[in-house]
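For reference, the structures are reproduced in the following blocks.
Look at the two complexes coming up: subunit A is in both, with subunit B in one and subunit C in the other.
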Partner chain A sequence: MTAAAAAAQPSASALEVTGLRVRYGGVTAVRGASLRVERGEVLALIGETGSGKSSLALAAARLLPPSAEVTGQIRIAGQDLAALPPRELRKRRASLVGYIAQDAMAALNPVQPAGRQIGELFRVHRAMPRAAAAAQATAELSRVRIDRPGLVARRFPHQLSGGMRQRVMIAMAVAMAPPLLIADEPTTALDVSTQAEILALATGLREETGAGILWITHDMGVVAELADSVAVMYAGRIVEQGPVHGLFDHPCHPYTEGLLRTRRDLRAGRPGELLYQIEGSPPVPTATTGQAGCPFAPRCPRRTQACDEQEPALAAVAPGRLAACHHASVPPAAPGTTRRPSGAPGPAARHGQEATR
Partner chain B sequence: MARTLIRRVALGLIAVLGVAVLAFLAEFVVPGDPARAIAPRAQSAAVLQNIRVQLHLNQPLIVQFADYFASLFHGNLGTSYVQRQSVASLIAPRLVTTGWLALAGVVAEIILGGALGLVATLYPRVRAAVTAVNLTLLALPQFVVGLVLLLVFGFRLHMAPVTGGAGPAEIILPALTLGLVGAPWYAQIVADQMADSLSSAYVRTAVAKGLSDRYILRRHVLRNVLSPALTMIGMDLGAYLSGVVTVEVVFGWPGIGLLAVESLQNLDRPVVMGTVIVGAVAVVFFNLLADLVRMYVDPRTREEPA
Partner chain C sequence: MTAPAPDIKPGRAAITAERVPVLGFESVTKRYRGLAAVDDVTLALPAGTTLGLVGESGSGKTTCVRLALGLERPTAGSLTFGGRPYPRGRRGLRKVRRRIGFVLQDPYDSLDPRMTIGDIVAEPLRIHRQAGRDTRQRVSDVLAAVGLPDAPLDSYPARYSGGGRQRIAIARALILDPAVLICDEPTSSLDVSVQAQIVNLLLQARRSRDLSVLFVSHDLDLIGRVADTLAVMYRGRVVETGPAELVRRQPRHPYTRSLHEAVPADHPARRRLGTAPGITGLPEPSGLPEPSGLHGLAGPPGPLPATTGCVFAARCPRVQARCRAERPPIVQEADGRSHACFFPLTDGLTAEPVTLTKGESAS
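Right after this comes the complex of A and B.
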């Protein structure tokens, strides 16, 4: 669309994270995480609270405070953000990555009308005059399916509903047409029907813009609805990654299996029956610093001596399937033959990843 | 919006009336005979009685009360016992004089306090020093600060006049006194609000949008800091206009505070009442004004209270 967007390599993955580590003081939040989001793909990043999801997302968007220590490589559309001088980073970041925060109420400036906050992007980065930027902001609002964009543009954040605020946030994130969107639990604070609308909007925008989306959530329903592939995070590392159907049908990592069982129980459970829960709790980040062995071992049903001695690396278990486990279960050869867990055709079906449906 | 305004004005008038009633009653508790204050050398009781009759001081309290408030409702503040001219004409020029000092004082507070707050926020290394300065200023009474300034800059360095009076040169030290004493409050508000704002999610959003630090400070942070500071400015303007007695006495600034003190000593009741009422109106007016400006700056405060 513009020079900035053209400068990014059109062929490169939307996001490529290699060996990312994030430390706050003595606490390591992310311990060598690697993942890749392709153009037009939705990668769901799931994991319990404190697993490092948000740190990874913020690090990828280079939004962590300077006090956070970030190492490893992050490439957005082939561009290493860390290699850009500050001025250049400022100029290009909005056209490289759009960030959608969880709490849109807090993430929007309370004293500025919604339209102005979107129009600001065009004023600053496209040097548009005030009126043109305002008109463009209204256009962006209708793009995120807001009915009366002119009216909403003049509203202040506190005058909008939660769903509306999140749409404004999304409009802001996609305004500069970045190849990557990072959404940090954007539907968690919304009611179920609004949540569904936002998910539909995200799916639509993905198809419209061809951007890759890193969608952080802990809601398996959202994952099934939206994602093409899933990365599971535990204690600051990616422990399993794969296409959504294969992973849902046949998780390789015992932690993923546990997570999915909690959900399966919810759907199939009879009243009065106890829900499955994974024994124990995730380690606090300070405990995993400099410790040998698999951090999931204390909670793991497959634990052996090897688990205590060496932390398993993320490795291919089957084609397209990665797991970090000494005892990863191997999925059957034809992963597409079983039914989708959610029952409904997901967005991935349209992308031909489900060949044998 | 309009309803809020009407409600606030009505409440303000009630407050002013309440202050006036209390002040009126308080003056009759104060011992002393205005007639004696007016004619201290009068020997004959007849002369004193004559004065009392003239000023209606011989009438029962309830009648005096009714008379005073009846004329007050007609906008008449009465006549000075001592100076033989209308209270309004005595107060008006004093109000202007005090107005200048109040304005200069608030400007000094904003500049000094704002600077301290900004420095504390943007340069963490000097934060402890700023806190120490704040605490020191908070602990010092107004008259001490005033006297020290007067001694150092007036008597020692001869940089400022020491003779009293109202003029552009004379205003510097009293305004600086108000500024120094008020600065820590502003510094605290600015530092707190800046810290809140800078660590807020909306500033993170602004960073994600690729805006420069200066732009973010100007467009996203400042306005959020301004809103609570405005309330403080309104309160200070009102309070100072109702008379900065200590500062006016120390520097001989012929404002409304000095007038109030003189009138109290002379038992010049109508003038004392006048200064109290004008002060109350000033407090109510500037608080209201501050809230109105705040509504303009911060849309969240515009909503009508439920």
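Right after this comes the complex of A and C.
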């Protein structure tokens, strides 16, 4: 493949994942997932422990260890990362995808000041001299709304607050202006007020950079604040997908409905009243997940015999709406209930074929 | 998935000041290297009620928990249990500890992976020399009570999911039949779909065992559901207390209100955080040195060196000269609430959103 052919296409979707499977030894963490993130769009990927959401994200950025077996297609800005030799991948990853991890303390280099770590990107990838890279690093820090970037640039990660570290990591992720950002629960460990700031920052950067964002979370509140569209994962598969307004108005899959109801009930209920609860726990992925019917069936209020016999496929339930459920509830066909950002085609239009096959 | 019927009277929230609190903090201060992690805190946990402690990291919540568990001694002030001061001696303190069960945040951390479930749950019995012939039965009973009736006593924590582990931790907390249960963020490390189960278990245990509960959380929605009374902490000080519903719906202190506004929306049509950076929510101090230069970049707002004014003054949108010069005293109101603010909010959440000053931070 020539360098020209390998170049990112400015018009292609930020991320296109088709039929992705991720296996670790005998365990399949992702069992065939397809999704697309457009430029300037935030797709929230929701899931709990063992749902495969982080495996999907790491696979998309090709950050999984070689022991993980990844099949399916991943294209970032039209570029097939699997086609790149390892050296080329290392060279180009930073300008294709920015990865924002949950634990900034672990992701940042503890023995280098924040500014050096950002500057290094410019030295390595843009061949900038040391002084210019340092100046650029400071500029990148002010871009993520750090007030005195020069001061922060000289600090080591442990000298920064959790929110500040997260900003430094975001600055590194966007430094090479990649078309795709992947954020793996970046606010989970933060206080609500700091989370609010990071969400505001992300919204601003989305508009500023025009990058597509895959935002992984388990918090429906974060989804409500940030997302244009939503994909819900359970036991290694996407079980529901759709635009955020429609999905919040009318979830099709009982798991999505349960998650939404849990949070709503928590806020609306009276003190001392028992909370609405989903029974059971998310399943631990095994070699046989999905072979004995729908993995959500043991916790599901809509469970019937069909659910125990066959795992439902992800299929179009309504325009723009996909669900993997034998008893998916169909949203009312009122136009306007499924708003989506202008210009972005609905997920069904984009994924109809892949999803149903 | 059934919604359990409401079965606890909201009238429980009424504060009965006359009753002797089962657990009390009287002007408690705890300093570490001169810095007050807990600063002149007065709290009361009336018997049979739940006191919710809200605040962000660095607010002093966990230090309060450690003080209540007798793991730390106050630098000044005193704690009481059943109306009597905490004993000074180890043996006396042990007697108090026997009456207090606790559930910590992370059941992956708090359960020893090399101990069996039976040993973990029975451990308090052994520590307090109450283990006997009936130990096995007591362990089985309490495991059944927390929803693990079939858990083999010789199994290990690794076998259990986060929710299962937290049930085991609750069983351990309940086995001595404590008077007080202290829960420090008991659900924040659990899967979302499991959190409500654990909260419901705690609500049921409280009722059936007539527990008094100190519940620590940063989740205002959650704590509003479980607590009768709320105490909001900021930088080691209690800035507002009162019946949970009042504090949630009509906060007096600007900090309480800003905590509200930082909670994400429950529907995309009501989103409020992402639109204008820094307008709502509480901007974190962006890492510049505090006036003292001591607690700058490291960590979230933590203990402050002794200051004269209000602890929230540097970030408060309603700040006046007086706030920086004097410490606001705690003002008691007729409806059982109190606040420490010279310029309290009177219109609850209905007025324009509070725009907090960015403090040292910029957009």
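Details
By our rule, the second predicted complex is superposed on the first by the 323 of 357 C-alpha atoms of A that agree within 3 Å, B and C clash if a C-alpha of one lies under 4 Å from a C-alpha of the other, contacts with A are read in each partner's own complex, and residues count from 1 in each chain.
As a convention for this text, a contact is a pair of C-beta atoms (placed from the backbone, for glycine too) under 8 Å apart; a residue touches a chain by one contact, two chains touch by 3 or more.
Every value quoted in this text rests on a predicted model; they were computed, and no experiment measured them.
Taken together in the superposed arrangement on subunit A, subunit B and subunit C fit without clashing.
Within the superposed three-chain model, A:224 lies in touch with subunit C and out of touch with subunit B [touch as defined at top]. Counting residues of subunit A touched by each partner, subunit B versus subunit C, the larger count belongs to C. Residue contacts after overlaying the shared chain place A:276 against subunit C, while subunit B stays out of touching range. Shared-chain residue A:158: touches subunit B and subunit C both.
Contact with subunit B, but none with subunit C, is seen for A:101 once the two complexes are overlaid on the shared chain. For the overlaid pair of complexes, the smallest distance between C-alpha atoms of subunit B and those of subunit C rounds to 7 Å.
Counting contacts by the rule stated earlier, residues 158-159 of subunit A appear in both its interface with subunit B and its interface with subunit C. Those residues of subunit C whose C-beta lies close enough to touch subunit A in the complex are 1-10, 12-13, 56-57, 161-164, 191-197, 199-200, 203-204, 218-222, 224-228, 244-245, 258-259, 261-288, 297-300, 358, 360-363. Residues 200-202, 204-212, 215, 219-220, 223-224, 227, 297-300 of subunit B are the ones touching subunit A in the complex.
Contact residues on subunit A toward subunit C in their complex (touch as defined above): 48-49, 145-148, 151-152, 155, 158-164, 191-197, 199-204, 218-227, 244-245, 248, 254-255, 258-259, 262-267, 269-279, 281-282, 284, 299-301. Contact residues on subunit A toward subunit B in their complex (touch as defined above): 61, 63, 89-94, 97-99, 101, 103, 106-112, 120-121, 124-125, 156, 158-159, 169, 172.
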